[in-house]
Each structure stands twice: as structure tokens, then as C-alpha cells.
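Alright, structures below, take your time with them.
Across the two complexes that follow, subunit A remains constant while its partner is subunit B and subsequently subunit C.
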Partner chain A sequence: MADTSHNGHKAPDSFEVRILRQGGPGQNSYWERHRVKHEQDMNVISVLQRIAANAQTVDGKSVAPVAWDCNCLEEVCGACTMVVNGRTRQACTALVDRLLEDNSKEIELQPMTKFPVLRDLMVDRSRMFRSLQKVKAWVPVDGYYDMGPGPKQSREQQEVAYPLSECMSCGCCLEACPQYTKVELTQRDDESDADFQKRKNAAYDSSFIGAAAISQAVLFNSHPTGKNTAGERLDALMDEGGIQVCGNAQNCVAVCPKEIPLTTSIAKAGRATTIHAIKKWFDR
Partner chain B sequence: METNPSFLARHEFLIRRLHSLSGLIPVGAYMCIHLLTNASTLDSSATFQRAVYQIHSLGHLLPVVEWVFIFIPILFHAIIGVVIIRGGLPNYGSYKYVNNLRYTLQRATGMIAFVFIMWHVFHMHGWFHFKDWREGIAEPLGGAQFAPYNAASSLGAAMMMWGVLYPILYAIGVLSCVFHLANGIWTMGITWGVWVSPVAQKRADRICAAFGIVLAVVGLSGIGGAVRIGDHGQRYEEAKAVEEKMWDAKIASGEIDPEEGLHKRSDTNDGHASAE
Partner chain C sequence: MAKKRVMIVGGGLAGLAAAMKLAELGIDVDMMSLTPVKRSHSVCAQGGINACNDQTRQLGDSEWKHLDDTVYGGDFLQHQPPVKEMTDWAPKIIDLMDRLGVTFNRTTEGFIDRRRFGGTLYKRTAFAGATTGQQLLYSLDEQVRRWESEGKVKKYEFWDFLGPVLDENGNCRGCIGQDLVSMEIRAFPADAVVLGTGGCGLIYGRSTMSMVCTGSAASRAFQAGAKYGNGECIQVHPTAIPGADKLRLMSESARGEGGRVWVPRAPQDTRDPKSIPEAERYYFLEERYPEYGNLVPRDIATREIFDICVNEGLSVEQGRQCVYLDLTHIDAQELTRKLGGILAIYEKFQGVDPRFTPMKIFPAVHYSMGGLWADYERTAEGGLQLASPVNQSTNIPNLYAIGECDYQYHGANRLGANSLLSCIFSGLIVAPGIETLFESQKGAAADLDASLFSREVKRHQAEHDALLKRPAGHENPYLIHQELGEVMTKSATVVRRNDQLDAAYATVMELHERAKNCSLSDTGNWTNQNVVFTKALLDMFPLAKAIVKGALQRDECRGAHYKPAFQMPSLKCEDHAGRRREAEQWCDRFDENNKKWLKSTIATWNGNEPDITYEDVDTSLITPRPRLYGLVGAEVIEEVWNERQAKRQAASGDQGNGAKTPVVAGAAS
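Here is the complex of A and B:
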């Protein structure tokens, strides 16, 4: 069907895209308008491709192409996450016709607000990866000899674990979380890259780890082999910036594109840390 | 930003959990008892006076109990609460979910509750007991209005000091406190891991809502009871008469030393005229 209408809604010939741009870290951001010709089945990534090809604002000014990130184009890598019409989501599955149903005149694109901007719509999400490191979101099996096959997992256990394993570290849950606030440092002139990294890690480690890492800790603590290091993960969850910072707004679970039961994970981790804290108190 | 983690940072988990716990025990539990006691004014002035006598039978221990189990926990809960509020960034404007609204309201009602409680304790109790403060500062500023041994009459008169203004302020304050407690119990259950699954959280949510509604009715009844006495000359006089009889009985039985008990009575026999 060549009809461009959706639900009987007549799509416009073209529409405007308002983009919050920024040349680089620490620079001022500014809004810029682009006009894009409407095509069939567009998503925000194809819109950004047209904008890059055209590289001209609505007033005909030539500008550097807008920078963005993407990989899989099917909502499994999380790289294209940005704020579309005020809501955090993946650009690759943000369909233009759907967006124009809400507002037929324009689409608004912003980089995520909780991570440092690298350029335009690209952000540095390394804090999230640092959080995953902090809670040791893996099963420790490295060694010098073959440890043989791991224990079998029951069907029930698999069914609980699978949804949690779908997390693609997109950061939507963090972007929408009122307790997760931006941490952005700038490298000092006399500071080496290694020192800067160290300072960033320290800052990340003392700030909220967020729902994604809490849920991953719960996932690996439920794994038969991962359980061996459950105590270390719980210690990490109780560290500064740990689970206690959660304010139970439950935005995370509402925006997660993978519909991961994040608040269930948070409550599970809450229970586990409660017990862990009491045990530690008496074992001292 | 400090380079060395502060005390608050190093013990963040414990402090947040204590903050959560203190909201229920003792602060929340105390509030329930307080609101129930106040609602007894609806039964009769004598019932209320009897309850107050019972509380004051603690004698010299009362201020200790007040500070250790009520004021200090409230201050702790409030101060840590302000630290928590400063660490967050409410975003209901962008993410209009019910639970997000509750997150925002929990913070708003917490702030209202804190200001309200500070004012309320000043208005009724005067903050500190010692005489110079009470007579020199608190009372002239409209505080320390509650006289425990003239419980119902002084409560009624204090409530009606400025017409409908105080009942309205009290209603706002009490409803904020009730929301903060009921919603706080629900989030507390998640924080401590009592209700985990979405179904369990929903069920707990309903129970907390029902609890909140009941407590709101009880709280508003207390205000209503005070207004009823303070707003009505005859009922006010009746309350005074009952209080007088009970006072005489306490003196006669030797349960209260008249000298010592005097400062817990209204200043003159009719210090506060009822608002007519």
C-alpha cells in the first residue's frame, strides 16, 4: 500500500525537526531546526540520515551534520537512545508517523540529559558500565583449568532470569529516574587521561548506580554459579550510591523498552540487602 | 564535592534505612496515637482530658520521653529527608506516571509536614518547657497555648484563635502527614523488600490507601472536635467545668501536687475567651 496515512491521519509532505545540538563536551547547547521531506515508514534514524545528507537548517544555513549513535537498528543494542518528544527511547524504533500523530508539525530530539554529551545526540554512558562493574554483573568462571559444566538451571529459574538478561544497557531507566542525576567532569589541563579516568570512576562510584545495575546484580545473584559471589554484589549494592538511593518513583519500570521488571528486582535487592546487613551485623 | 567521603556517605545505607524505619517507628506510630487521642474530643471533653491525664502521669519522665521518642526522631527524619530531597530531581512534568506523582508528593508533603509540625509544636506546646521561655517568648508569640490540665478547653480556644485560619492550616498539615505516612509505608515495604512482586505491591498499595483514608478521617475528626469546643461558648464552658471537677478530684486524691500542676493549667481561670 502506497498510502502514507496512518489510522486515517493524513501525513504532511514535510515536517520540522528541532534538535538540541552541542559541539563537544562542556560547550553550550543550542536548538536548531531542520526540515525533512516525509517518506513512508520513516523512523528517527532515517530522519537523522536525511538531515546529515542535507546538512542545512530551515533558514538555509549550511551546518555540520548532526552526530548520533546507532548499531542494530532493531532495539537490541541501546546505542541510539535519546530523548524524543520529551521521552527517553530508542531512535531506531521511534516511528515518524506515530510521532506526528502526537504533533503533526515537528519532532523534538535531545541527547539524554543524565549523561555527558560527546557531540549533538551522542552521549557518554560509561557511568552505566562502571555501575555494572561495581556490582560484578557477570558469572566468575575464569581460571587456569576447565571447571566442567555448570549446574543445571530449573525451568522456573530460567523464566525468572530471562527477562532480566534482556537488558541492553540503553540507560532509559536511568534517564527517567528522578534519583539519578547527571555527573559530568571536565579534564584539567595538567591531568593525564589515566588520572582523569580515576577521578571519573570515583565520582561515578559515589553516585547512584541506578535500576539497570541493581537488576543485573539480582540476575547474577540468582544464577547457580553467580550465587558464589552474591555477598560481594550485595556489598556493592549497599555502598555509597547503592540501592538505598532509590526513591521508589518507579519510572524505571515504566520506561524500560525491554519491559524488565525493574521494581521487582529493586524490591528483591532491598530484601536481600536487608538480610545481608543483619547477617553482617551479627557475624562481626 | 569532597574528596574524602563524608560520614553521611560512608554510612549511607544504614542512615537511609534508619530514616525509613524512623518514619514508621516511632514517628508514624506516635502520630496514629496522637490523632486517635485527639479524635476523642468528639466523644466528650472528659474522655479527652482523661487521655491527657494518662499521658501526663509520666510526670518528670514526660519531657524525656517526648524528646527521645518524638522530637529527636522527627528531627532526624526531617533533616535526613531534606538531604534526600536535595539529592533528587523530580520530573513529573516529563514522565506523568502515578507513581512518579506520588514520589513528588511524598517530597512535597514531607516538607509541608515538617513546617507544620514545627509550627504546631510551637503553637500548642511552645517548644521548650522552661518558664522564662514560655512566658517571655512563646506565649506572647501565640505559642504554648495548650494547657494539659485544661485539655479540651485550651485546645478548642487555641484552634479558634484566628477564626477558620487555624482549622484550615491544621487540616492541610494533618492531611500532608497522613499522606506522607500512608505512602511512606508503601515505599518502605519495597525498600525493605517486604512486598516484592507487582501483584504484592498492588495489594499493599490498596491496604496503605485504606489505612490512609481511615487515618485522614480520624485526623480531621480531631480538628473537628477542637473546633466544636472552641467555637461554641456553651460547650467551651462545659468543658471547663468538667476539667475543673477532674482537677479537684486529682488534687483530692493526692495524685497531683497543686503547686506543680499549676503550670499545666490555663493561666487564669478564664485566660482564653472562647471565640464567639
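Here is the complex of A and C:
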């Protein structure tokens, strides 16, 4: 039975989903079509769940279920980022009825293009976590014994910091960034896991760090205790692949699902690194 | 000798807290997680974290009262010493998280702001917007990343825990893991293995839990011989947003900030809710529980919402069960500041702005109070012996359980904003215990004969290969999961009846057999999510059986476990003398019932079914007293019960451990 979407348009009984699939790293990708029965309150996750339960293409061919990454389904974990109808976003908040308003025939799903595909819609975003290491995105406390409360902070400070700390490392800002390009390495036959990791880290560290990590550096540089190691974070941002690579396209802020003021962070980091560079020059 | 290592399975709040503290103690940590740890289910916790604080203290609050609220809310089913230690630590944990940079909301003067949560009369709950779990998790994730960059912590993300490795004496010496990308199965020798693998909501199909919360890791430990406690104690959260893929939490903080629950007095009134006059609205929680109002403990709110929809037919919608949760009387800007995160979730998934239109909500499976049995070492004062290797240990030596996957802290019902606390606390406290354990252990697991590990790898590899080779055309694991979810939701959630539980147990047994016949739609050996899901599904059954059997056998009402056939009655007499007499009988029955049922349900796996035994609960600090929320004649029962307590106290003198016997408080009088 057809039901109606929220604005009264009649929803179809079923719809097609076009998915860009890939068996594994280094393999060719290909499009595959599935037909899914329409249900009330569907999102892209429930579409992929239906496909997993009955993995048949529109031609009736049985195929392996589509691999994808997800966890919380509430848009707070960042796992299910993919490219839905050409737009990078979380699959959980991609509501089917809304998508069908744009194109009532089909929904198109692709993996993010800036990260190596592991399989189908699942990509390797470990580079993002490496970037957080590079900018030392943490408060350098002495330890975890009871030392009383942290420094008192004003409500204004909290209201600036909180939006930045909502970054869930989903990668949307990087997918949309013209300067952020894919880094994909293959393990050599004679290479140990540890050596391969080292080589990957080196490649990540010399490539553009991207808006998410820059904004985290700004977050911790504004924290009363985090400030104490601000110089180290600014050094990281001035390193190869640092803030100077940013081309100011401002796509990042437009696609961030948490509406984090990323370009404000980048501007702040830009000013701070300039001052830091001048200071360092005088201190030589 | 190789250096000793700890393997922590699960990188949510508990696992990360343990990793960070162990690293500080100089112990090397491996950490295995189904998902990058920053994406763990802890991020879903919204409302906050409880601790007695400077302000509540001046209003009469104390750590002891936090303990009292917690055990009273949990209907006294938890051992009290670990809870006492936890509530004693709570203020210190808030301070620590504050130092780590958690963006707690602030008062105008710059102090950490607090809100009120269910089951207490004090504003104990610190919060960071409406994403407190996310913010706490991120701070711990950052600290662990710091240790990772120094080489003290090694993460294995996208790895599945397949089971512990036990030596010939039954001691845990490591575990087996599987890489979810390459499907490689390998052994991780470890001198202690800590499970912080969360709840098991996916056994119910759809719940408020994340997709990794299958309970498979706890189940694998259970099947290897670990005891499982109070499985039947499953919290159903009163307020969730129904959805096709999951039921999304609407935090208790919505009520903490003044949200009101109501239905139109006229069934399925089709008017715009905002146009319905006050007199035609039924604020049923406020009317039935004048003292706590919308902030009654979760089990009670859940039952009342269920009752209003199912028994009284007052659901807001015709074809679907739901009630209004209304915030529209509160200033929109204040709502954005205090609840922005959760309100955005509602708007994103329902397309309606809850600041201006009442939300529609219904209860959903939310938290596993039960879990792996864990031990503790008690001090004479009734707290925990810090640095004891016994704390948080399962019955398998060197295997520990922390966070939601242990059964320690919440008894038969968890208070809101106590889970983040118990997760961080149990993670922090397990670390010094493991340090002590290591001092007493001879040799390191990494130096053991490799055959112990290779044998286990081979066994798991053979199971994996056999699954992949299963012939096509048999059962579909996703459909079996749906059926399991339906039977569990119907029989073992809000209202429990023995005939339904009996039938459900038979169905679960049958589904388990059918699940063993699953065919895979993906027989490849690269990022095969189909085989990983099927394994997790198979491991849901032992826990599902423990939940249903525990519920079936527990013939009483306790916390979230509600069996109307065994409910303590309201008083019926109209005159005072008659009521006194009835109240005396009521109190006798209450004592009798506690003698029989104030016990932890302990399940052990016999290879096909759970065997159930019962263990006494340490209630030496606060004497169990009746929960009288909403009962007719509550004030008379309270009177009788208090008189009896006074007599008992006089007869036994001081209890000698500093314990006080409080009088009944918080009844619905």
C-alpha cells in the first residue's frame, strides 16, 4: 500500500537504488541496481538493511549484500557517511521520502571518494584519526588522580567550545574539500604490518590535514589548560600538509552535518599560525 | 620475560577509562573494538552524569543519598558496596572529566550547571548540551589517543572478539579476534582481558542501542563459562522516537528541563495538540505522582505510558502507540541552549520542530542492567578495597567485565544519568586492580606455549569456514533476527506474563535451532558483514534464553521486571483500622517476598540452555524498603513499615558498619 510522505506527495510502492560497488581495494567499481519496497519512515540505513536481507538486483540476480559502515543511527557517531544522490552526508539522516521528492525514480549511493574503499560503501578513514594525533587534539593533563575541578570557564567560552567539540570525525568536510585528495597505499608483499603502518602515517602526515583537525587544534588551543601546548599544535598546522594548503573554497562549512563553524576555525588558526611564525622568527 | 599486557575489548566510556588509567600506571594496553572507538555507543547517551555537588550538598544532599537513590531506584537488587564506592567517587569523576576538557554547560558564574533527573529530588546531573555521552567519550578518546601516540596503547579497530582463551586451569590468558576487513583470525595473548562491550539491545530487534550492541562478546564469555547476572533486568526507556531502523532515544533531560507528558482526554483527539485546552489534557504522570511528576523513575514512567496507550486506549494516534512529550511551554532559545542536540535529532528524523510542536514518543528497550557477573572486595566500612584484583573480575580468573556489560551497579532498574558514571567508574577502578594482579602473576601470557593459542585460532577458523560453506537456500539470518526481536519485545519488556514467557522460551529455543541452519548470502572472505552478523545472531540466543528464563522464574515485581500477577496490592479498606491491619499484612508479605526474591539471578551456560541459581545480595548499608510510588494506602504502609524498622533497629542496636536504616521517603503521599 502506498503511503504519503510528509508534504502530501504520494510515495511510490517501491523505488530503485543505484549503488556503486567495489569488491575490495584495487578492484574495479561497478553500478548495481536494487528495487526496494517503500515503507513508512524509511532512511538509507533501512534501505540497506532491506537489501542485506534480500540481496537481489533488479534483474533477479542474487548478489552478495552491500557492505556499509554504520553504528548509532542518530547522527552522533559519524560512521555511516556516504555520498547520497551526489551529496556527502550520513545515511541515517537521509530520509527516503525527502530523497524521492528530488528524484522519485531512484536513490543513488556511492562511497566517499577521498578515502580508500575497503568494500562497497565502506571506506578507510583512519587518516582522520592520525590527523588528530598530529595536532595533539587533547588536554595535556598531568594525570588522572583526583586534583579537584578544572579551571573555571564562562558560559560564553563553553558556548564557543561546545560546537567544535561536537565534531564526530565523519569526514564530510574532507569529502567536499578540493585540496583534500585521496591517499591510498598498498601493503608490499615483504612489508610487515608495522612497517606498512609507518609508511601510511608518513604519507598521511605529509598530505593535507583538512578542516576537521584544524578545528580541533583551535578547540584545544582555546582551552585554559590546552593553551599550554598551543605552540606544538600550531607547529603541526604549519608543517607539510598544514593550514597553508587550504584554498578557502569554504565547502567544508557548507556540508558539515553538525554546522560546526569550520571556516571560522580555519581563519582563527590562520591568524594564530602567522603570529606564531613571526614570534618564532624573532625568538631565533 | 615478555612484558605483561592487558587486552581491553570495547572502546566505549568504560574501556577507554580503563585504557587511560592503565597506561598511566605504566601498563601496556591493546584495545579491540568493532568500530573506531570514537564511534562507540556511549556517544548516544544524552542527558548527563550524576554526582552530589556543592550546591545539592547545601540542600541536604550527600554521596550517601546518591547511593540511597540508586539502590532504591534499582529496587535493592544490586550489591551496595560497589554502588557506595561509585557514588563516593562521583564528584571526583566530574572534576576529572572537567579537567580533561569536557564542555559541560556552565552557570552564569562559570560553575558546572546541573539539571534534575528521574528518581531523585536533587539537581545532581552535570551535562554538556544534550550530547553528554559523546562529549565524555571524546575526552577519554583524546586521552587514549595521546597514549597511543606514545606507543602505550595499541588499537585494533574493526575487530571482533570471538572468545577468551582459557588455559588447562581455566584461567584466561588472552583472546581470539577477527579482523572485520581482511577476516583474519588471530590470537592476542594477554595477562588480563577486560570486556567493556556494552549492552545487548539488538536481541530485541529494534531498540535505542547502536548496531554493535548485539551482546555477542558478553555471550561468548558466557558460553566460555562466565556467569551472567540478572539477565531479565532490561530497562525500557519511557521516551523514544519510533523508527523503521531503530528506536531513537529522547533523553530524560527533556523532562528534566520541564517537559510534560500528556494525552488528550478524548481518545485520538484529532485537533492540533497546541489547540487542546489544558482542561482537556491528561497529564497522567503529574496526576498520578504529584511529588515526582514527570520525573518518576524510568520503570514507572514506562509502565504508565504503556498503560495509557495499551489499557486505556488513549494513544495519541489511531494505528500507532504514542503519547505527547511537550516542551512548547518553555522558551525556545533556552531549549536550544540546553537540549539543542536531542531536539535536532527529533527534527532531523521526524521533520517537526519540537520547540513548537509536542513530540510523539513511546517506550523502547534501552539498557541492560543485567550482564556478566562481576565480583568486588568489600571494606569494613562498606566500600571497595581499592587496588584489589577482585574488583570487576568475572568468575573466570583474569577476565574482567566493566561498563554496561557487567551487572554490578543498577540492580533491577537504572536511574537516568547513572550509566555514564558507572561506566567511567568501573573503567577507572579496574586498572589498579589489574596492576595488583600483575604483581602476583608468574610469567607473561606471551611466553606461554604457542599451541594454546594456535589451537583456539584453529577452532574458530574451522567454525568460520564451516559457516561460509553452508549450503544455500536455508534460513535467512536477518529474518530470524526479526523474529527473535518480535518475540523478545512482546514477552520480555514492559509487562511480563508467565504464559507468554513460557511460550517465548520455546520459540527462542526453536529459533536458535533454525539459526544454526542459516545460509549466507555472502560466502567471500573479505569484509564479509553477512558472516559477522550471522555469528553475532547465533550468540544472541544464549543471552536471550538467560533473559527469558530469568524473567519466567522471577515470580515478583522488581524494578523493570514487572509481572502484574505477582504485584503487591493496594490497600482496599476505607477505615483507618482496617487499613492498618491490611498494611501489617502487606509488610509481612513484603518481607516474605524479599526473603525469596531479593537475590541475584545467576545464569551459567550448560551448552544448550542457561542453568539458573540465585545469590544473596549485600544490602548491609541500606535496608531494603518498599517502593510505594502510586500505591493506594502508601502512607499507611509507610507508617507501619517505619514502626517496624524502628523496632528492629532498637532490637539489634547499631549495625556496626556505619549503616543507617532510613525511613521510607519519596512515597507518593
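Keep this in mind: the second predicted complex is superposed on the first by the 273 of 284 C-alpha atoms of A that agree within 3 Å, B and C clash if a C-alpha of one lies under 4 Å from a C-alpha of the other, contacts with A are read in each partner's own complex, and residues count from 1 in each chain.
Convention: a residue touches a chain if its C-beta (ideal position, glycine included) is under 8 Å from a C-beta of that chain, and two chains touch if they have at least 3 such contacts.
Model, not experiment: these values are computed from the prediction.
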{"item": "Which of subunit B and subunit C A:Thr225 touches, first, second, both or neither", "value": "second"}
{"item": "First (subunit B), second (subunit C), both or neither touched by A:Val58", "value": "neither"}
{"item": "First, second, both or neither for A:Ile278, with subunit B first and subunit C second", "value": "neither"}
{"item": "Partner chain(s) touched by A:Ser206 [first = subunit B, second = subunit C, both, neither]", "value": "first"}
{"item": "Of subunit C and subunit B, partner touching more subunit A residues", "value": "C"}
{"item": "First (subunit B), second (subunit C), both or neither touched by A:Met238", "value": "first"}
{"item": "Partner chain in contact with A:Ser46 - subunit B first, subunit C second, else both or neither", "value": "second"}
{"item": "Subunit A contact footprint on subunit C (complex, rising order)", "value": "20-21, 24, 35-36, 38-41, 43-44, 92, 94-96, 98-101, 103-108, 110-112, 128-129, 131, 134-135, 138-139, 142-143, 145-146, 148-149, 157, 181, 210-212, 242-246, 248-249, 337, 341, 345, 348-349, 351, 428, 476, 478-479, 521-524, 526-530, 533"}
{"item": "Subunit B partner contacts - residues on subunit A that touch it in the complex", "value": "86-87, 176, 178-179, 181, 203, 206, 238-251, 254-255, 261, 263-264, 266-274, 277"}
{"item": "Touching residues (chain side subunit A, partner subunit C) in the complex", "value": "6, 23-24, 39-43, 45-46, 49, 52-55, 62-65, 67-68, 70-79, 92-93, 95, 118-120, 122, 125-126, 129, 132-133, 136-141, 143-144, 146-150, 152-155, 157-159, 161-162, 165-166, 168-169, 220, 223, 225-226"}
{"item": "Complex interface listing, subunit B residues touching subunit A", "value": "1, 5, 9-10, 12-14, 16-17, 84, 87-91, 94-95, 97, 99-100, 102-104, 106, 187, 190-198, 201"}
